[in-house]
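Every chain is named by a letter (A, B and C) in the order it is written, and numbering of its residues begins at 1.
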Amino acid sequence: MDFGPHLMLAMLEGAVTAAILALTAMGLSVVFGVMRVVNVAHGEFYMLGAVIAWFVASTLGTHPAVGFVAALVIAPLLVGALAALIDITVLQRIGYDPERTIVATIGLLYILQQGTLMTFGPDARPVAPPFNTRLALPFVEWGENGLALYWPWGLSITSYKLFVTAAAAVILIALWLFMTRTRAGLIMRATQQDSAMARAFGIPVAKVYALVFGLGAALAAMGAVLVVPIQQAHYLMGGDPLLLSFIVVIIGGLGSLPGTVIAALLIGMSDGVISVFFSPTLAKILATLAVAMVLVFRPQGLLGKKPQ
Amino acid sequence: MNRPLALHLVVIAALAAAFFVLPDYHSGNLARIMVLAVYAMGYNLAFGYTGLLSLGHALFFAAGMYGLALSMQHLSLTAIPALMVALIASALVAGITGALALRTRGVAFMIVTLMFAQAGYLTALYFVQYTRGDEGFVLPQAVRQIAGVDLSSAMGRYFAALILFSVTLLIIGALVRAPFGRTLIAIRENEARATMLGYDVQRRKWLALVASGTISGMAGAAYALLFGYAGASFAAVPYSIFPLLYVLLGGAGTTLGPLVGAVFMFYLIDLSSGVTDAYMLVAGVVLVLLTLFLPQGLLGTLRKRWVPWLP
Amino acid sequence: MATVILETRGLTKTYAGVQANTDIDFDLPEGQIRALIGPNGAGKTTFVGMLCGRIPVTRGKVIFDGRDISGLPAHKRITLGIAYTFQITSVFAGLSVHENIALAARRAGGNAARVTETLERVGLADRADQTAGDLSYGHQRILEIGMGLAQSPRLFILDEPTQGLAESEVAAFKTLITGLKNTTILLIEHNMSVVMETADYITVLDQGMTLAEGTPDAIRANRAVRAAYLGTADA
């Protein structure tokens, strides 16, 4: 394949990564934005979403589309409920102290991950995509008669991957409408502004926090359900999404929702593109160091405004 | 002689006697635990005394481990010069990490240190032709000796670990009672107030982190030298979590907490690994229970309730 | 007139376009007890924050003992001989009272004798071994003043030291402050009896600017000050 088609393929794959990443990182960002805590177990909620999707799909065992749709509803609900329960039993009791929350969620990370190892086992398990047509894509070249379309071998994408990008966009728009247009969203944003004031106005802050923590986990689970027909479910699959979500949330400015989406696109696309041309390990080293430097020298994020 | 020093000497004497009393299996474990306790003591200096909650100390542990093992393996250095390389390597890595990461605080500091350590782990994987990545490499028994003492023998290994442990314990015991150590505690308690008393908080935090990283690095080097193995898994995230776990369990800001925490966790994981492969589950459960019910750890609670002079 | 130990020229602080302090020129002669008063939000804490380096200046100069210290970080200014007590009590809550004082004294080159002497002076000697966080609010405030004294500062800046103190403690504070030798004092204070009885000279800030300066009597008689500040209390 020539450079052009190669790059286009990388960008298409990158768009899929970006879509999933935007969902997952959005979950982390919503939680940080409203509750001001960092959830290190976020990647495990993602992993649980994928594992539950496998359970649902393999239990129903009918047409892949039925199992998939069922998983898309059930997995986020279950994971969200589990997260809300964790919020009430653990995080609320340590008063959301930022450092202790991180230590506790590190503990939860291992509990969820190792608990899955004990029940689900160490194998990676696939979920069949609901549909999966391969679509060959054209590219342009400068031929004898000027610009002409041609179909380079290997330049294709599946209908399912296109669906993933669209579905992620729809979910994010729905989230945005929820946060800006509904009473529940308004209450969440009021709590984010000033939790003491919100409490004074009779907002049940404890309930809002449990709900937000559940919502954040549910978003990660949705991302995982979408990804599992491409990637397979595995008990260690939460590590990379966690790291990438951190990167996205930091670059986008901690807690900024539009910043998170833009950063997810940026990182997701460049992740796909970089890994085509560089050693993935080297790319990860450089990306990790670059993000650490952003936190060190520009803690408000690349896209955030400097507080004054 | 003051009580804390006396207590430290008693602990050291008890550990020395333990070698002759305990069955081989347990004295072997104890050698490993002492090295891990040194790692945790280094960590405690940053977290327990100075209030720097790092999630990236595996970077320093690995810097020491690879500093020693790579220089022995590829440059054919003997143990003492290789230990020197490990010392310099971990001090250097801690110095650079500190200079950058200490520009942040709190949660950002935790994430920055985590990311530096992750970059370190990936670097170890990237140079796979030297490090053999996750699989790691073995240091031959022939080179694992200092002044004719075979460090791969049960006794040589145990007493080498004990010497390292004792020296570290006595140094830290003296340090935290000295003005410098008291100032670190003051920084942990109230950074703004320490600044407004004229202390250069930034510089002292950096010094504390360098000392902490260097001690952790020496533990890493000793681990490679005594157990004859170096691998990238020692640079991975769980090895940044372990010292945190030991220190939290034993009691942050207590001199003996790291040892107590390391003993408990080691045997807890050892016992559970007989039952299940998912031994990290235990670590997770302990972390959550500690944050919920025993934030001061075992010795911290002991000191608060009953033994106020506990160092 | 005594030598000027502290002066500011054109000191200005802007927060997101809002001026908290505007072009403050301020001279403080050595040995004086100066009170800094003004209504809430007048910019008093911002002003002293810029003096001791806690708050970066937007524009202007701070000169201490003839030396421009505008570029120095807070801890270096402190070592030149400035002490500062916080508006909201700030002690080392987990350490003993003795340790708190010792940390202050040690940095300023003081020895064990100075620690003991300071503990006696502020009346905390019998509580030296208590954990500072367990002290009553009033005692914590006194401890913080003690920490300042242990530094033997040349300039002692106190931000509302008597807030929350009982009558008797306020009286003890007045005696303590007026009895200090070789120390210049800059006092932010709301308690008018403390101001009028201890201060040699008063500076009034209003809306980030110097409204008036003068002796206690002159300030009491100043119409502009009455209008801006005392007016509400005295009218």
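In this section, a residue touches a chain if its C-beta (ideal position, glycine included) is under 8 Å from a C-beta of that chain, and two chains touch if they have at least 3 such contacts.
Because the structure is predicted, anything quoted here is derived from the model rather than measured.
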| item | value |
| --- | --- |
| Chain occupying the middle, per Cα centroid | B |
| Interface with more contacting C-beta pairs, comparing B-C to A-B | A-B |
| Rounded Å distance, chain A centre to chain C centre (Cα mean) | 51 |
| Gap in Å, rounded to a whole number, between the CA centres of chain C and chain B | 44 |
| Whole-Å separation of chain centres (CA-atom averages), chain A against chain B | 34 |
| For chain C, residues that touch 2 or more chains besides their own | none |
| Contact set on chain B toward chain A in their complex | 53, 55, 100-101, 103-104, 106-108, 110-112, 115-116, 118-119, 122-123, 125-126, 241, 244, 248, 276-281, 283-288, 290-292, 295 |
| For the chain A and chain B complex, residues of the former touching the latter | 38, 90, 93-94, 98-100, 102-104, 106-115, 117-118, 122, 243, 246, 250, 279, 281-282, 284-285, 288-289, 291-293, 295-297, 299 |
| Chain B residues touching chain C - in the complex, by the definition given at the top | 179, 182-183, 185-186, 189-190, 192-201 |
| Sites on chain C touched by chain B in the complex | 52, 54, 73-76, 78-79, 84, 86, 90-95, 99, 102-104, 106-108, 147, 151 |
